[in-house]
Amino acid sequence: MAKKLLLEHADVPGIASYEVYRKHGGYASVEKALKSMSPDEVVEEVKKSGLRGRGGAGFPTGMKWSFLAKPEGVERHLVCNADESEPGTFKDRYLMEKLPHLLIEGMITSSYALGARRSYIYIRGEFMYVLQILEKAIAEAYANGMLGKNILGSGYDLDLVVTPGGGAYICGEETALLESLEGKRGNPRMKPPFPAVKGLWGNPTVVNNVESIAAVVPIVNHGGEAYATIGIERSTGTKLISASGNLVRPGVYEIELGLSVEEFIYGDDYCRGIANGKKLKACVPGGSSVPILPHYLVTKTANGDQRLMTYESLADGGFATGSMLGSGGFIVFDEDQCIVRNTWNFARFYAHESCGQCSPCREGTGWMEKVLYRLEHGTGTLEDIDLLEQINKKIEGNTICPLGDAAAWPVAAAIRHFREEFEWHVKSPQEAQTRNYGLIQTPLEA
Amino acid sequence: MIKVTIDDVEIEVAPGTTILNAARQAGGDIVPPAMCYYSKLPGTGGKCRTCLVEVAAGSAADPRPMPKLVASCSTQVMDGMIVKNKTSERVHENRGGVVEFLLINHPLDCPVCDQAGECHLQDLGYEHGSAKTRFREERRTYAPIEIGNKIKLHMNRCILCYRCVHVANQLTDKRVHGVLHRGEHAEISTYIENAIENDFSGNMIDVCPVGALTDKTFRFKSRVWFLKPMEAECACEKCSGKAVLWMFGNEIYRVTARKDKYGEVETIDDKTAWICNDCRFDKKDTIKWNILGPRKIDRHSVISQGKYATKNDQNPQLLR
Amino acid sequence: MKAEHPQAVNEAPIDFSAHTMTEIQRVIDLFPAGKQKSAILRILHFVQEEFGWVSVGAMNRVAQILDIQPIEVYEVATFYTMFHLDPVGKNVLEVCRTGPCQLVGSDDIISYIEQTLDIKVGETSKDGMFTLKTVECLGACGYGPMLMCKYKFYEHLTKEKVNELLDAMRDASQS
């Protein structure tokens, strides 16, 4: 079994309470940081750890922290992005529900490192029951002197507030999140200025994912270098993977980065293979916005190397034959699944979640959804498949925020790898209503 | 001052200038089109994506090209930056894509739209559009609504530039309309039946780049190219009183603010010369105005394609 | 495709319960002075908990409380999909329809509920007991098919589980 840095105590009875959490070594990072480290030393440890943002983009957390502007007399903020909404991703919910104090501990240690005295957790509105768990835990932390004035006699003050969204995927984009946190529509902001310079209410702000903030706890406890020994290359540490789809045992797993994809899908400690004895058809390894991989590119790269659960290996081959680790939303498709239906489903998701601010995304996502609807429902044409690719190219890279890319990539990848299945839908519409296409051939078989 | 090159034209501008404004300072055909950016309304821009340009070199210090096209209205120039607008095939292609997106749900009802002839979407369609649509689906439609007794909202034509929302925020004390819903369902609306009653609300019509907001006192009265624009002024307590009268013979058909070649209300005496609703909607009698002479209209407009760009401009009486 | 919401009729602000008002004040106080608008989403959740949906009168009251223009509340309430801007049944069943849930049979669950309650997605049952809605990903992908009702997640749904759930909700709403 792999080393667990985040979920080690997840199944301890009562671990959501302050007392039990504290008994199991909780809040040690706060004591260590506030009593024996300067804020910059904490930042240094996070840099050394090689931790990369766990929300999806994989940007080095320590570097993001070092960009924070620190003008005299201006308040700074740490905002936790708990707006977990990427289809296939449900790890943050698991972590917050099981270990609310781990997130709060991470918020305190990280806020101290950044010099933030007012920090916020923005959680998606649908997780209202998790918000209530967090509110209770925050109250306990205040009662035990971990939040509020002069924490542990260090002279450091911190207020922490948890606040909900109202149903909008786009608020996972950091500037849309800040708009929403200010009580507005979740329209992403034009960048620059970046939040590190002008964020919440115009103040310098760092926005980090739940898991990234939680990872600061073991990094401070064991040291950045020790953390960096876990994993391989630039994929250090452990990662929470949310496994869903047609698996024997879907769920949230903490893995050491570098685990093989094969072991993750088929291993006894992990997902235990495809459900109902079926074959693997395809996999979306990092949340719905990353490119889909056909079965022959899931466990091996195009070069025949073993595919690993790392930022680098999952991206091996670029978009032609690779994908991305993304948020770790690992979605598995069995042989009975229809790629056209699923692509339409994801396109509908992005059209539904577009904020509507910029024209390529507002109009383009809706257009793709409609064309895919036709293809799935038997009235599409072969030209429609080309049209989709063209719409795609006009959205990608031309929007204010990454939602445009997130909407474009899954469609592009599905057509890239499964064009024959799309064409079959056009050529045999009746048949396509009654059965699924099945596995596509690997290029070698073809 | 810093140096920037746009389509082989070298310009010196003040630090902090955006690419679009640098291009406007140079003038000519290197200026990217802008449907949502409006220099007189802080906070506008970035949304329509028609002003996308290619940055072939970021700056003298870091001459790497920028990987994505950037919105020229909200990207600041750097010393030694090299920008490609009309000389970039990528820009041409992607701008065409944006225009297609803006048109898929647009009703193309120019023959009955009051904005025809001075519509920026029409210009864009002419320059970058395709003669055929690839959109097979049903268009998004909304019933036209009245917002205020002098303004008509045709949501079907709207491109969601947000300019009118900024006008309401910046020129009026109480905003009652805004953008509702989201994605392709986003719309300009008051949500509840509500009238926009404010002395300066009429400026929403002037900033609207398309025919979404039109002047009810002028609806279906005439095509703009049949009217003679005359510069005029009046003593007004509420506004600058500096306007353009759109006349047919001695009759005033419509009053607008004075707009420059980018469709923006002009700056006069260091102030943006917005006009009030009294001047716009109620002063339709020549007695109320001091008429200064014919108004020059920029070349891109249909108005100037016919007789008005001729020397007759010097003698408007000949036209009648 | 027609616009979803025609213009609504304006209504006078309505009053909220003492409990809701206490909660509203509590969350406004979580933010720095002058930043009370940050509490708007939480407040709209409170309003929906009290009334089941968010009416124009309720939004006008929220505008008064936050000292902002009513349009600012309408803009926000229409952006976020959790808020019901029309009356709904006593139990709103929000079934996830997104990819991961669809892979494990959410389409069947949706049509089963439609059949059982004799309503289509978006409609309310004749007895006013249930409204069926489909929603996008709720972050329970490993435990699908799933639905949310009154902020509670019901996961690993089967037809049998749906039957039990509907019965339990009927009982709870009648008692």
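Labels for the chains are A, B and C, by order of writing; each one numbers its residues from 1.
Quick note on the criterion: contacts are C-beta pairs under 8 Å (C-beta built on N, C-alpha and C of every residue); 3 or more make two chains touch, one makes a residue touch a chain.
These numbers come from a predicted model, not from an experiment.
Q: Between A-B and A-C, which chain pair is linked by more C-beta pairs in contact?
A: A-C
Q: Just to be sure I understand: the centre of a chain is the mean of its C-alpha atoms, right? Then which chain's centre is nearest the mean of all of them?
A: If one averages C-alpha positions chain by chain, the most central is A.
Q: If you average the Cα atoms of chain A and of chain B to get two centres, how far apart are those centres in Å?
A: Chain centroid spacing, chain A to chain B, equals 40 Å.
Q: Taking each chain's centre as the mean position of its Cα atoms, how many Å separate chain A from chain C?
A: So the centroids are 25 Å from each other.
Q: Considering chain A alone, which of its residues make contact with at least two other chains?
A: In chain A, 168, 185, 352-353, 355 touch at least two other chains.
Q: Among the residues of chain B, which are close enough to touch at least two other chains?
A: 137, 179, 181-182, 185
Q: Counting only residues that touch at least 2 other chains, which ones in chain C make the list?
A: In chain C, residues 72, 75, 79 touch at least two other chains, as defined above.
Q: Considering only the defined contacts, which chain A positions touch chain C in the complex?
A: Result: residues 84-90, 92-93, 118, 124-129, 161, 163-169, 180-186, 201, 242-246, 250-252, 284, 288, 329, 331-334, 337, 341-342, 345-346, 349, 352-353, 355 of chain A touch chain C.
Q: If you look only at chain C, which of its residues touch chain B in the complex?
A: Those in contact with chain B are residues 1-10, 56, 69-72, 74-75, 78-79.
Q: Per the contact definition, I'd like the list of chain A residues that touch chain B in the complex.
A: Of all residues in chain A, those touching chain B are 168, 185, 190, 351-360, 362-367, 370, 374, 387, 393-394, 397-400.
Q: Which residues of chain C touch chain A in the complex?
A: 27, 30-32, 35, 37-42, 44-45, 66, 72, 75-76, 79-83, 97-100, 102-104, 135-144, 148, 151-153
Q: Write out the stretch or stretches of chain B touching chain C in their complex.
A: On the chain B side, the touching residues are 137-143, 145, 155, 174-182, 185, 187, 189-194.
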